[in-house]
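So, here's a batch of structures to check.
The following pair of complexes shares a single chain, chain A, combined with chain B in the former and chain C in the latter.
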Partner chain A sequence: MTTTTAAAVPRPGIRLSKPVKVAAILVAWVLIWIPTHGTHTLSLSPADLTPLHEWLNEVNDTVGANRNSSPIFLYFFNEIRAGIDALVTFVQALISQPSFGRPVPVLGWLGVVAVVAYISWFFGNWRVALLAAGGFVFFGLQGLWQESMDTLALTLSAVAISLLIGIPLGIWAGLSDRFNALVTPVLDFMQTMPTFVYLAPLTLLFLIGPASATIATLIYAMPPAIRITAHAIRSVPRAAVEATDSLGATGRQTLTGVLLPLSKRTIVLGVNQTIMAALSMVTIAALIDAPGLGKTVIKALQTLDVGTAFNAGLAIVVMAIVLDRVTTAASNRVRQVGTTHRFRRPVAAGLGVLTAICCYMSYTYVWAAEFPDQAGVGRAISRGADEVTLWAQTELSTATEAIKNLVTFALLNPLQSLLVESPWWLVGAVVVLLAALIGTVRTAVTTAACVALLIGTGLWQDSMTTLAMTIVATLLVMVLGVVVGVWMGRNRFADRIIRPALDAGQTMPAFVYLVPFLALFSATRFTAIVAAVVFAAPVAIKIVADGVRGISATTVEAATAAGSNTWQLITKVQLPMARSSLTLAANQGLIYVLSMVVVGGLVGAGALGYDVVAGFSQGQLYGKGLAAGAAIVLLGIMLDRIARASSPSNSPKGHR
Partner chain B sequence: MTGEAVISVKDLWKVFGHKAELVPRSAELSALSRRELIDRTGCTAAVRDVSFDVAPGEVFVVMGLSGSGKSTLVRCLTRLIEPTAGSIIFEGEDILAADKKRLRDLRRRKFSMVFQHFGLLPFRQVLDNVAYGLEIRGAGKAERIRRAKEVIDLVGLDGYEHSYPEQLSGGMQQRVGLARALAGDPDVLFFDEPFSALDPLIRRDMQNEVIRLHREVGKTMVFITHDLSEALKLGDRILIMRDGAMVQCGTGDELVGAPADDYVRDFVQDVPRANVLTLRWIMRLPRPEDVLDGPELGPDVVVRDAVRLVLAAGKPVKVIENGELLGVVTDEEILAAVTGVEVPA
Partner chain C sequence: MRLQRLVATAAVTALALTGCGGEKIGDTGSTGSSAAAANCGTFNLAINPWVGYEATAAVIAYVAEKDLGCTVTKKDLKEEIAWQGFGTGEVDAVVENWGHDDLKKKYIDEQKTAVAAGSTGNKGIIGWYVAPWMAEKYPDITDWNNLNKYASMFKTSESGDKGQLLDGDPSFVTNDEALVKNLKLDYKVVYAGSETALITAFRQSEAKKTPVIGYFYEPQWFLAELKLAKVNLPAYTAGCDADAAKIACDYPEYDLDKIVSKKFADANGPAYKLVKAFNWTNDDQNVVAKYIAEDKMSAADAAKKWVEANPDKVKAWLAQ
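And now, the complex of A and B:
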C-alpha cells in the first residue's frame, strides 16, 4: 500500500493516514513476531481433546440414548423425519425404486422422459423440452438411470418443501420490514454456514438417511427462495402499488392483484436458484447416505477412481443444466404478455394424451420401464477421463509444480508461519486493532468476541492455519474476479463466451472439482486452495462483471469524451463506480472459500476442515468436529465484518 | 366558504423523521425553516401548516418546484401518506378520523387519483386496468365492462380496449390512468403531476383533454404540477408552495397581478401577462382630460381579448361593472401589459 496521496484532493486527515496506520500495525506484528514466535501458540495435536469437545461427545451420546424416549424426539423430530421420509420414499416409488410389489417403479424411463419433456414444453418451450428429453435419455445411456432418478427424487422433495415454506416467508419478508430485518441475519447464517457443519447436528436429530439429507439440502436451498421472493415483492413499482391503494384495495387485493402477478417472474427465478442450490448439495448430502449420484461420486473419490467420479459428476452437471434451462425458459415465458397462440390449447391436449400413453407403456412394458442396458457410453466417458488424468499427471507436472511452489512458498508459507507461530495474544491484538482502525468500535467488539470464542473452541492453531489458506484463496479469487470481471463487463463477446462456463462451474458439485486438481497437484494444501478458488471465482467474477456493466453508459461516455484512455477508464471510472460490487464480490468470494474449507480437509488441507471430516467419521472426535465447524463460522463472521467495515476505503488504489 | 367546500384543509403538517409529531406542537420548532429543522431535529417538514378550501366543481392547482412538498400534500389528502397534524374535512367528514374500512370506502367511491408514472398493471389489458377499481369494490363483470367501455370512449381510447399498457404511448397510457380514475365516478379527482413525464405536444393535448373532461363531467379536481403555464391554463385557483409552506393562493391573475413576494414574482415574470391579466389589473382611474364616450368592457375581460378593441377605439375604453365606472384603459396600459413592461406608478 503506497501512500502517494499527498497531492490529492484534501480530505480529512484521519482517512488519509489509514493505510499508513494499517501498514504500521503489520510491521509491528512482524517485529514482535521475530522474538516471540513459537510461544503461546495454543497448539493441539489431532488426537487430543479439550473438555469442551468431550462435553459435546457426551451430549451426542445422551441424545442417541434418548432418541426413542424423549418427548421432543417422539413428537417432534421423529415426526418430521417420518414425514419427510414418506415424501421422499413416495417420489422414489414413482420414478426410481421398485415399489408397490412391482420389480420396477411406477413410471419407467419412457414415462419419466415423456412427462419431463411435456412439462418443459408446457412451462417453457419446445427447445428446452428437447434438451430435457435428451438430457434424461443421456442418464440412461451413462448407465446411471436409477441413481439419477434417486437424485431427482430427493432434489424435488427438498425443493418442494423449500418452496412451500420459503415463498410464503418471502412474501411476508417482502411486506414487513420488521420481519425482513429479523429474517435476514438468519438467512445469512444459513447460507454462510458451511454445509458440513450442520450435517453432524442433523444426523444427531434425524439419523443418517434420506430425511437428514433432505433437510440438509433444504436448509441450503430455502434461503434463495425466501430472499428472491422478498426482493421480488419489494421491487414491484411503487406507482402500481400506490395506484391500487388509491383505488381502495384491501391488503389481500393488493397482494393477489398487483404484488404477486408483478413479481411472478422473479419468483420463478427464485425457484430456479432453489433448484440449483439443492442440486449443489447432492454430493455433500451423500455423505449422510442420501441416495443417488452423489454416492457414486463419493465412492469413486474414496478409491481415487477419477473416471467413475467424472461420469457421475457429468450426470449431475447435465441434470443441473436441464433444470436450469427449463426454469429459466419458464420465467421468460411468464414475462411475455399477450395472447397465447391459437393452436396452443389443442396441441397441449394432444401432447398430454401422448404423454399419458408413454406413461402407460412404461407402466406396462418392461422395455419402457427399465432402461435398456447400454452403459457403453458411461464406460467410454470413464475411460476417457482416466486417460486424460494420466496424461496430465505425467505431462504437465513441471508446470503445475512450478505454480504450486510459487503460491506455496511466496504467499502461503510466510503468511501461515506468521499467523500460526505468533502467540495468540499477538494475533488477537492485531486483528482487533485492525478491525477498530478499519471499522468502528462495534466492529472491534465483534472481532474481539470472535477471537475469544475461537480460543474457546480449543482449536486456535488449526483456525490460524485455515485462516492463512482462506486469505490466500480469497486474494486469488479477487484477482481473478477483478481481471476477468472487468474484461467481461467491458466486452460483450467475452461475457457471452465466459458466462455459460461460469454458470456451469457454479452448479458443479464442489467434489467434482477436486477430481482433476487432485490428479494435478496431489493431496496438499495447494489443491484445497485451488479447489476453493475455482469454486468461489465464478461468483466474484459475475458480481464484478455485473457491477462494471451496470455503470451508466452516460458516465462512461462522458469519461471517454474527456479523453480517458482505456486504463484510465477502468481505474478512474469503472472500478471506483463498481466499488460496492467489488466489496460484495470479496464478501461472497470469502463465504464460498470458507464453505470449501471442509472439502479441502479431504484433500490434504488439514486444519479445521480435517477436524470436521474426522469428527464426522469417528465417534470420539465428534465433539472436536462440531467445535471445528463453529470455528469456521466464527472465522467467517470475523472476516465478513472486517471486510464489510472496510468497504468505503476498499476501492483499488489509483482512483482520485 | 367552509360550509360549501368539498375539501377543507386546516393547519396541515407532514413531518418525516423520529418523533415527528412533536414538531407541529412546538411553537418554537414549527417556526423553524426546513433547513434549521433538519439540523436541529433530523426531521424533514414536507408540508408545513397548509390551509385551503376547494369549492365544488373547481380545478384547484397546487404548484411548486420539486421538493416543495406538493406531492406529499396531495397524498396526505387521501391519506396515502398519514398527515402529522391538522385536519382535512371532505364533504363534512373528517378524513383523519376515518378508520381503515371507511377510508377504503372513500377511496373506492369518493376520490381517485392519477399518477405521474401511471401505475398501470402491465399484465392487464386496458379494459381490465380501467375496470380494476370497480373490480376491487366488487362490481359485477358485466357492469364493470360496460362502465369501463364508457370511460374508455370518454377519454378517446376506443379501439384499444384489448391492448396491453406497454403497447401504448406515454400519452395513451396516461389516458388509461385517467379512465381508471374516472371509472368509479368519484366526486374528486386528484392529479399528481400527471403530464410531467410526457412530451410537450402530448402534454398540451392531455391538458386540453382535462379541460374538456372537466367541462363534460364537472368533477372537482385537485391538480399538482411544477409547470406554471399548466397551472394557469387549468387552474381556477392556484396554491403556490415553497419548502413545504404555502406562499400564495389565488386565481391566476391575482398571482400575476399581485405576487405575494419576490419568490412568486420571480415565478410569474415570464408569463405573458396579457394572456392572464384582466382589465381590472391594468385599468387606471379616469383623469379629467379623458374623453368618456368610448366603448365599454367588463373588468374580467382578459387583456389579450381587449387589445384589438382598445387599440381601435383611439380613446379610453371604460371598464364598467354593474353600471359603475371602475376605471379606464388606454393604448398605453394595453401595450404595457402586452410587452410586459411595468407601468410606472
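And now, the complex of A and C:
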C-alpha cells in the first residue's frame, strides 16, 4: 500500500474542521442541485448504444469469426482448454461420473465419505471428521449425491489450479512491492468484474465445457489466494527475517526456512477463502453448462420451484460449511505443530487401512457405490421450504410492502434524485473534493480518473442510480454489522447460534431466495438492496465481532472496574477500539454489495445490473454489458480508495 | 487410543462381512451401447433456459435416442452461447428460436456456421398482459385506448407519478419504451430483469388483487396456472416496426423455428432429418411443459408420456 505521502500532511489543524468541510460540500451540492437538476445528466435509454459499445461488439464478433483459423487459438487457448478439461474429467471419473466402462464412478459414496473423513481427521481433528462424514452422507439423503460430487469435482479442480498459480504469485507479491502494486488493481478487477460479462467470451475462447466453467470459477477464486499469501509473507516479523539474513542465508533459504513456515497458517486461510469463493460461483457457472448443483438450482427456478432450488442450495451451504470447518481446523493444527500424540502414527495407519477397505468396497459393490435411492429427506426439505415461502408470501407481504415504501421514499429516492439528476460535473466535482478532503491528493487523482472513465463508459446515469442503491445497501449492512457484530463479539453463545446462519447467507445461492423476495417486495430496487444485504451483512458482522473480541480482556475489565455500564462499555471502549475492524467491515461490505449489483438487475434494480444481464442475453447489447461491468469495477475502485483513505489505521504506517 | 483401535478393527470386520453379501458392480448386464448407435452417433442438443424449449428438446431427444439410437448430449446454455457453439462445433441444434434476427445475420449470413431448419410449428406471441381478476373487474382494460384511464392504479415505488409497466426478461426484444412514448401513455417502463420476477409479480397480483400490467409471452407454462389477459395494442402490420424509435404497433407473431449447425446439416444424418421434420402445435408443447413445470416430472419422463400418447405425430416425423 502506497500511502507514505499521507504522513506528510500536517494533521492536527485539519482534524477539527474536516467534518465541517465535508458538511459544507454536501450543503453546497444540494444548493447547486436545486437550480441545475435535470440538466447534463448524460442519460442513455436501455436500448441505445454509444460508439464505444458498438466497437466492443465488433471486437467480440471479430474474435468469434477468427476463432478457428487463428494460431493463438489453435496452439494456445486450445491447449489450455484440453489440459483443464482432462483434469476435471479425471476428477469426475473418480467421484461423480460413470467412467472406465463402468456404470458408476471409481469411488462410490462409501469410499468418498471415508476418504473425506480420513483427510479431515488427518489434517484437522475428530470433530471436523465427523462433521465432514455427516455432511457428505446428507448429500446422499437429499437425493443429490451425483450433483454434489460434480460440484465438488469442479470446485476442487478450480481450487487446485488457483492455488498452483496463486500461491507462487502471492509469494512474489509478498516479497516485491513493485509486483504487489502491479497486481493489486488486477485483483480488484477480477473480483469486482461481474461474471456475466465474461461468461460468453470465455466460451468463445475455451469452448463450452468444464474448462470454461473452471476458468470462470478460478478468475473469481484466485485473488483471495494471492492476496492472503502476500499478506501472510508480509506479516512475518522483520526480526525473524533479519536474523536469518545476518546468518548469511540465501534468498531461497530465507523463503523456505523462515517465511513459508511462519506464514503457513495464514496461507491455509487463503486456501479456505479460495474454496468459499469457488463455491459461490456454482450457480453462475451452470449457465455455461457446468455440471452439478448449480444446474439443479437454475432448472428449478425456471418453474419457480423454490423447494427444489432450496434443497440444492442447502447442499451447497453444507458443502461450504464442511470445507470451511475442515480447512480452519487444518490451519489451527498447523499452529500446534510438534504436539503430535504418541499413538497418532498407528491410529493413522489403522484408519488408513479402513479407508482403503471402504474405497475397495465402494469400487466393487453396488450398495457402496450408488447411494441407496431414498430422496425422502430431500423431498421433505423441499416441501418445508415451499410451505414457509407460501406462508411468508401471504402473511407478511403487507408489512414488507410498508417497509419497502418507507426505505424507498425516505432514503433511496432522495439520494437517487440528488445523484442522478445532478449535472455530471457537479457530482464529479463533489466526489473529487470529498476524496481530496478525506484522503490525499493521490486519492483525489484516482477518483477523478474513475469519474472520467465512468463518463467514458457512456453509462453515467445508470452508474449514479446503482451508486445510490449501493450506498443505501452499505449503510444497512453497517447498521446490521455493528448491532449483530457487537452482540456476537460480547457473547460466545450468540456467536455459536448466529454463525451458521451467516455462513448460509454467504453461500446460499441468491437465485434460491429471489422468488420469495420478489413476492415480498415486488420487482423493485429495494428487493435488490435486500438481496445485497443478505449477502454482504455476514462478512461485516463477522469482522466486527472479531474486532470486538480482539480487544484485550484487561482493557474491558479496567473499564468495568471504573464503573462503566454496558452501554458505556460498548460505545466508549469496545467500538472505538475496534475502529479499524469497522473500517474493514465497511470496505468488505461495500465490495460484497457491489458483487450483487448484477443479481439486483434480475429483480428490478435496473441500471448497471440490468445492463449487464441484458448484455449477457442479447448479442447487440454485448458491448454495453461489458461497459456496464467496467462501470461497476470503477465504482468499486473509487469507493474503495476513498474508504481506505479515510481509514485511521492507514495513515500512520503502511507495511514497510 | 486402544479403544479407538478396537473400534476400528470391529468396524473393518463388520464392513467386510456386510460387504461380501452385496451385489457386485457389473453383475447385472450393463445396458451397453445398442447396435443402432453406430449410424447416428452423438447429437449435441442445446437446452435454452425456459420450460417450453425444454419440452420441445426433451421430445426430440427422446425420439432420437429411442428410435434412432443416437447418443444425445444435452447442453444447458443461454441462446447467445448456444449459437456461438455452432461455429466451435459444440452445438448441433437449437430447437426453439424466437426471432433473433441479429443472431441469424451473424451466424447464418456472415459466419455461415448455422442454417435454418424450418418451423417448430409453434407460434410465439409477445405483448402486454394483466392478471385475470383485472380483466374481469375492468373489462375495457384490454384495449390500449383505455390504459391512461387506469394509469394511476399502477403506480408503484419505482414508477414515480406514472403507472408502472413491468418489463421483463432481458432475453426478449422489447419495444416498450418506444410504444409508451409513441402511444402517449402515462406509464413508465420498469425493468424487472427476469422471467422469475415477471411470474412472481403476476402471481402476487392475482393472489393479493394488486394491479400489475406487464410484458409477457406465450407459449409459456405459467399461462396454464394463470390465464393472463392480453391487452390489445394497435394491430401489427408488415413494416410497422421498421423504425425502432417510431414503433406504435403490437409485436408481430413469431414463427418459432429451429436452427442447426452447418456441419450437422451437411452430414444429413438421422438426427438432422428428425430435427428438420419435427413439427407440433402450441397445445402439444403446453402439455409437455405442464408435465415438467406443474406435475414436476423429469423432462425425459414428460417426453416419454407425450410420445406414447401421440405415436402418429412421431411416426410422421420419422417417415420423412
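Throughout what follows, the second predicted complex is superposed on the first by the 499 of 656 C-alpha atoms of A that agree within 3 Å, B and C clash if a C-alpha of one lies under 4 Å from a C-alpha of the other, contacts with A are read in each partner's own complex, and residues count from 1 in each chain.
Quick note on the criterion: contacts are C-beta pairs under 8 Å (C-beta built on N, C-alpha and C of every residue); 3 or more make two chains touch, one makes a residue touch a chain.
The structure presented is a predicted model; accordingly, all values stated were derived computationally and were not measured.
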item: Partner chain(s) touched by A:P237 [first = chain B, second = chain C, both, neither]; value: first
item: First, second, both or neither for A:Q253, with chain B first and chain C second; value: first
item: First, second, both or neither for A:N405, with chain B first and chain C second; value: second
item: First (chain B), second (chain C), both or neither touched by A:D245; value: first
item: Chain A residues touched by each partner, larger count belonging to chain B or chain C; value: C
item: First, second, both or neither for A:L262, with chain B first and chain C second; value: first
item: Partner chain in contact with A:L144 - chain B first, chain C second, else both or neither; value: neither
item: Residues of chain A at both interfaces, chain B in one complex, chain C in the other; value: none
item: Chain B residues touching chain A - in the complex, by the definition given at the top; value: 78, 80, 103-109, 111-113, 115-123, 132-133, 135-137, 164, 166, 177, 180, 184, 190
item: Interfacial residue positions of chain A with respect to chain C in the complex; value: 45-47, 61, 64-65, 67-68, 102-104, 199-200, 203-204, 207-209, 286-289, 295, 298-299, 301-305, 341, 343, 346-347, 350-351, 353-354, 357-358, 361, 363-369, 393-394, 397, 404-405, 408-409, 413, 514-515, 518-519, 522-526, 601-606, 609-610, 613-614, 616-620, 622
item: Contact set on chain C toward chain A in their complex; value: 1, 4-5, 8-9, 11-12, 15-16, 19, 22-27, 30-31, 49-51, 54, 75-81, 84-85, 87-88, 90-91, 102-103, 106, 110-111, 156-158, 166, 169-171, 173-174, 177, 190-201, 203-204, 207-208, 221, 244, 292-294, 296
item: Chain B-facing residues of chain A, complex; value: 237, 239-250, 253, 257-258, 261-262, 337-338
